[in-house]
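Listed next: structures, encoded as structure tokens.
Look at the two complexes coming up: chain A is in both, with chain B in one and chain C in the other.
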Partner chain A sequence: MKTSDRYVPPILMTLFVAMVPFVFRLPFWIILWCLFLWGYILLTVKYAWPWPKKQIRLLLTLCGFAGVLLDAGYVFGGDAYVGVLSVMAGLKPLEMRSHRDRMITVFIAYFIIITGLFESESLAITIYMFLSVFVTTAVLIHINHPGGQLKAKLRLSALIIMQAIPLMIVLFFLFPRIHGSLWGIPIQGSGKTGFTDSLSPGNISDLVRSHKTAFRAEFEESIPERYLLYWRGIVFEYFDGMRWHQGKKIPTAAGPEHGKGPVGYSITLEPHHQKWLFALDMPLSPPPIGRMLHDYTLVSIRKVRQKIRYQLKSYTSYNTASDTTWKHQVMELPDRGNPKARELAQKWADDTDNAWQIIDSALTFFRKNKFIYTLRPPLLRKDSIDDFLFRTQKGYCEHYASAFVFLMRAANIPSRIVGGYLGGQVNPYGNYLIVRQSDAHAWAEVWLDKKGWVRVDPTSAVAPERIESGIEEVLSLEEIPDFLSLKQLGPFAEYWKKIQLGWDVVNTQWDIWFVGYSSDQQKTLLSKIGIKNGHWKGPVKWILLSVGMISVFVFLFSIRILKKPSAKKDLVQQFYNEFCEKFARVGIPRRPDQGPSDYAKMIGTLRQDLKASVNEITELYISLRYGHGGEPDDLKRFKSLVKKIRIEN
Partner chain B sequence: MNPKFLSIVEQISSVILGKEEQIKLALTCLFAKGHLLIEDIPGIGKTTLAKVLSKCLGLDFRRVQFTSDMLPGDILGISVFEQKSSSFVFHPGPVFTQVLLADEINRATPKTQSALLEAMEEQQVTIEDKTRRLKSPFFVIATQNPFEHSGTFPLPESQLDRFLMRIELGYPGREAEKELLKGGGSQNFFSDMDSCLIADDVLTIQEKITRIHISDALLEYLQDILDFTRTSSYFYTGLSPRAGLALLRAVRSWAFLHGRDYALPEDLQKILPWVVGHRLRAKEDFGEFSRDRLNALLTEVPIP
Partner chain C sequence: MMKRFFLKKFFWKTTPSPRALRKKIYILPTRYGLLFLIILVAMLAGSANYNNNLGFLLTFLLGSMAFISVLHTFRNISGIQIVSVRTKPVFANQKAVFEFIVRMGATPQLAISFRFPGGETTRGDILPDKGNSVRDNLVSVRVMAEQRGIFRPGPLHISTEYPLGLFRSWYRLYLDLECTVYPRPFSGFFDPVNADSSAYDNDTENEAGPGVDDFKGLKAYQPGDPLQHISWKAFSRGQGLLTKEFVTHSGSSVVLDWYALKDSDTERKLSKLCDMVLKANRLNLEYELRLPGKTIGPDKGEAHKHNCLKSMAIFALPPEDV
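Let's turn to the complex of A and B:
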């Protein structure tokens, strides 16, 4: 193995370490591509095969880029960027013959590491990134200073990272924050799970199959009772006979005027690529990042593409009677369809004027007819409400909510469907609530005189345990999605659950303190140290002035150093170091304790072709540094010789 | 190497076979006005080296075999009462020569040893209130057997310090020994050997060597080495300023021998183990450092 080829395995290792987080993300062929090319290079180095020719490399490059283009489908997102980088990471080692190429390859590894942030900004990725930067830096040190022990290199690498930490902290707090994703590229990975702007039977039961976290809620005081944990997300007001749609979006300034016991909490919302924000029934006022609509739902100004955190106050008991902006749509039904349901509702309405009694009749109807609560309801035919109410009688919360609202409207009671989440898992380690997609729920709201909107959850008539304890208790075993069947793990289930909850706490803190540090928080921080928004001209003046002063000092200081007689000698040493570095790059480094003539002898034996020029340079150096100073032109000649010498690998 | 010295080295190595390096070092030591300590087992050629050196450089040569019953007077000389003139007449001892071979110096009592060592340092002796100058140049080549301890008085550190260098000769190489056994390099050559220099030449060379240029860069390197011996944990004590001066003298002489009028870091590295070997003690066991270990330690001091 040639000396310079010894660097190949460690450099390949850095590329490998850098690419590990992308293994499941990148197209499979790119992984194969990289592994194949790296393996080939390793064998090339080991058995001294010829290195690939230029034409072959060109062909491979074209193939690689074409592959990425085909994969990306002409849409360039984060995935395509990482794909291009990975293809390059596979190709670059094919020409890793000079020091320069090795350096470039190591820097590709750094690039790949930073693209880990496209993947996610989670704590685990961040820790892994630190680790890979550590390894890569150690390799960078190794290829520049091949002598010495591995331990010393690792220590130096760790030291460099440590030294960078203060700068990192300063930049973290002071570097201008950009709204949206830091990279201008949406953070990817999480599929778009969550509510859509229309509701039809089956929507929510699909959601329930996902164990992904929707959001986390941290209460200022104790967590309210479970039956109050209705997380309002989206209100469906308009029914077209098949699906329920969101109504007109009329902004409003504030929530219900009357209410009791406001609860303060903050929500860390996972990105769901839609605008709605979730709040406990009923929110008082919108957070700074969003607005409130007439139906008391909150919408963000921008789509939620990254984790956001907002603080809210909600009334758990409220009265909205004074608000009458709802007057449209909540009564409307399609002209035709579902005749049996209409008839039934009409019969109830004829019996009594009391809205409460009508509601009660509907709930009793569900209870008495042995409706079944299930994740796998049978398919519904045309006139789906009738089919559900009188034929299948099996359904999930959205079936009950939509049938209930239909019945109410048919009985002339204003009503609407609310989609959101119910309940959540309490994390005892952090005292907050984890609300998952599996907690998705739909319920109804009816308008009553003097009371305003009142929440009615028809699911409670069918499966009261759903409200009391959550989905796991309600569904029969075969219906439970895989992730919920923790019980099968036996005694380890408890530990596993604890570990999950503990890790969730750590991640949440990370999100709150680091990922969630936004431009607003930055503004607050800056204003605390005297840089107010719009008033930053003063501080900037000071900064520019001090930078200017420092530059002047540095300038004067360097003039003094240059004027010193020793500067000439230092110049000699500087050029000599340059000379040594040139040879170090081709694998002939000077040992620190090696004298110039010994070094020249060593180079002479290794590189016969350069012997003459090396001897000339060394003689000049010796006479300049250790002799009587040499001729006046010697320094110039020395410099030009050092600059001139070219060392082919 | 300077051709003139090369011929001297060649001439000496025609007698002492295969020991060019030690010959060079011995010359370096003598030209640097230093005294030489040769440590080795008997029969390796110590005495021959001393004899050939003095002959080659055209210097007077005396040899004293040290024994435990020796008195200072046996070296320095004594005043003897002469009845003819009814007065004391001073009979100079063997020290009044140019090259003195002190064989098995560690066999003599400390009193005798110190009498010689004083002469080495001061280049003069004081006997019966009368100070007499020694000849110039004056070298002492002392030998001792490091493996024989019974009935010896090892030289204390302070006295070891007076020797500029300490060298070992070691067994001859296989080729050299074959030559020796065949009869080459025998004593017969010794008598026909011509001297290459005369005493005045040696003095001139010594004078020239003091004017060899030592650059600041090299001085810094020397200081770094001194600092290293003083601060690192390997050594019981560091090198003294006198050791630093000794190194400088040896470096100058070595550079001169190689035909340069300035010294290089390599010169310093070359002579260092021989100059400091008897001046340093290991911290852990107060033992001496082997030459290899000293060279290894040297790699820890970068050249500035």
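Let's turn to the complex of A and C:
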């Protein structure tokens, strides 16, 4: 193997390690592309094949970039960026003959590492980032020092990282952060799960198949009863015959005026690239980052593009009778369509004026007619409400909610659909709830005089277990999406669940304290240590603090790193020097060219009286210095002999 | 003071104390360091744009590591001790080789580059001395010696980019180094038949030449013995390297005379004389070198050869260059 070839396997390894976090996101051909090129390079090195010529490399480069462009389809977003980097990572090792090429390849590896971080900011990725930096830095050291031992390079890489960590922490907390973004964030295409601003049958049952976390809710006191855990997200007020839409948005300042038992909690919301914020039914007031609409839903001022955390208070039982902003929207139905449902509702309305009785009739209708709760309802034809109520009779929560609200409006009771989540998994290690996409739910609200909006969940008539224990209990086994089939793991399922919950606690703390750190938190932190932004002293103090802390660390490391060799204590040498000095004082100095035994001989001829002890000291010195350390007591004996020797003139 | 050393053989020159040598150490980013800085700025901008805290963390980690590496680079170069140096005379247009024995400071010093201005770079590690062998940390630094005379290579550049290659730390050592550069031999004139008669202005009864030398016996090989005198027969018998010794008949001495050469150019004359000296030495002749104002010999052997060559090296040079 030539010298320049010795770099190839480590560099390939560091590229591979750096690419692992997003390897599954890459198009399949790029993975093949990298594997093929790297394999070819390894074989080239092993069998000393000629390296590919410049023209071939150029052609490959063009092909690679063309492939990425075709994949990206003119939209140069995150995927295309990752693709270009990966294509380069595959190609670049083809030209690693010079130091320059190798350095650039390692820099590309660093760039790939940071790209991986934009996938996720979880604790696992953070730990993996340090591992990648460790490997890449070791390879960088290798490039700059091709000889030398692998172990020493790994150790040095780890050492430099360790020494950099304090500085990194100072910079992380004190480096000025900006609000918002520098040049905007390209819109990511598909792959995001969450609610959309319209509801049609099938929307929510799609969501339920995802096990992704929607948000976490940490309560100040105990977690409320399960049947109260309705997480309000969007309200659908307008029906066009096919879909439900949000309707007009009218901002309001505050939630229901009357209510009982406000519970305090904070929500850590995963980014969903929309504006809605989730809150327990009914929130009292909007958080600082958002505002409240007339339907008591919360919307963020900016789209939620990163994890955010906000604190709320909610009434679990409430009265909104004083609210009048809604009236014009929640009675409307399309002029035509679904005649059978209208007829049924009209009949109930004719029988009684009592709204409660009409509601009860509707719920009884669901219960009596053996409606089935299923994730895979049959397709609905035209007049979907009629088709569902009288033909298929199989559906998911959104089917029941939309049919119920339709019936209510047909019976002249103001009503609307609320979309959100129901329940959540209690994490016993952290006293918080994990609410997942699979907890997505839709229910209804009806307006009753003197009470205001009252929550009615028609799903409870069909599948009461859904409310009481969650989705896993309701669906039959073959309907359960893969992720839910923990039951099949048997006895290990419990352990697995516990591990997951424990890990979730750690990650949540990580999210709160690390991922959530932003310019606002920085302001809070700085003001806590007495640095206020408004005053001119603030920035000065800020800079002084940063520079000061950095200087302290640099100073500490400088002493450690640059300490002189003489600082090292060498007791053997020290005592021997003492011995020599004693004789120098009486006029027998050791000449620079004299070895210890020559010196002893010289003393021996000049001072016959001390010959024996001088010889003993010299022998001990030689064995301690040049031998293998000698007996354990030798150093002690050496010391005492040197101290004891008395020389009179 | 050993101001200069004309070397009949290798010998070591001791250098001043290492403390005195650790003067001005410079440290600056390499072009890769600058590129890395640009990359860090790009990373920082990306992290700020996406408000990605992990991106910030990585950027600050890499930045801090680059910063820390300055200290490592500095430590890696400081404290190198040059224990001694030696060199061998060379002919003009050859590379002068300076061999240094170096010793590390507090820790092993890795990937250190040594270079004279205009010379080749030698890269090596300075590790703990393992035993008594002086070869432990021997660094040979080559530089082209173009002209005859006393070659002074200028300051020794010691530099390193270890460990990350982002910063380069260096200093210059003004060592009082010299190497004797003999004239470049110019061959083709040592033919007894065609030679200028005065070049063999001899008072010998017998013609001097390789054919007439008598074989005297074998002696142990010494570096510098002519290769064609090695007794390969003895070597193949496993007796080691032995050199055949010849004696020239007494009084058979040649004179290599400056004035006898019909050439107007001083340098070419010296080149020719140089070649003659080498050939005479190879043939183990006794010879005398006559230069304007100086006569060396008659004598024979390596010491005599070097003496002659050195005289030619510094011939007619201004005294300040000698």
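Just so it is clear, the second predicted complex is superposed on the first by the 514 of 649 C-alpha atoms of A that agree within 3 Å, B and C clash if a C-alpha of one lies under 4 Å from a C-alpha of the other, contacts with A are read in each partner's own complex, and residues count from 1 in each chain.
Here, a contact is a pair of C-beta atoms (placed from the backbone, for glycine too) under 8 Å apart; a residue touches a chain by one contact, two chains touch by 3 or more.
These figures come from a predicted structure and were not determined experimentally.
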Check your understanding: After lining up the shared chain so the two structures overlap, which partner does A:114 touch, if you call chain B first and chain C second: first, second, both or neither?
Key -> second
Exercise for review: For A:137, select first, second, both or neither according to whether it touches chain B, chain C, the two together, or no partner.
Suggested key: second
Check your understanding: Is A:598 touching the first partner chain B, the second partner chain C, both, or neither of them?
Key -> first
Review point. So, A:444: does it touch chain B (first), chain C (second), both, or neither?
Key: neither
Practice item. Could you tell me if A:147 is touching chain B, chain C, both of them or neither one (first, second, both, neither)? Key: second
**Study point:** Touched chain A residues, chain B compared with chain C
**Key:** C
Check your understanding: Is A:129 in contact with chain B, with chain C, with both, or with neither (first, second, both, neither)?
Key -> second
**Study point:** Touching partner for A:410 - first (chain B), second (chain C), both, neither
**Key:** neither
**Study point:** First, second, both or neither for A:167, with chain B first and chain C second
**Key:** second
Check your understanding: Looking at chain A, which of its residues have contacts with both chain B and chain C?
Key -> none
Check your understanding: What residues of chain A sit close enough to touch chain C in their complex?
Key -> 99-100, 103-104, 107, 110-111, 113-114, 117-118, 121, 125-126, 129-130, 133, 137, 140-141, 143-145, 147-148, 156, 160-161, 163-165, 167-168, 171-172, 175, 177-178, 181-185, 305-306, 514-515, 517-518, 554, 557-558, 561-565, 568
Check your understanding: Considering the complex alone, what residue numbers of chain B touch chain A?
Key -> 213, 215-218, 261-266, 269, 298-303
**Study point:** chain A to chain B touching residues, read off their complex
**Key:** 569, 573, 591-598, 622-623, 625-628
Check your understanding: Which residues of chain C touch chain A in their complex?
Key -> 32, 35-36, 39, 43, 45-65, 67-69, 71-72, 74-75, 78-79, 105-106, 110-111, 125, 161-165
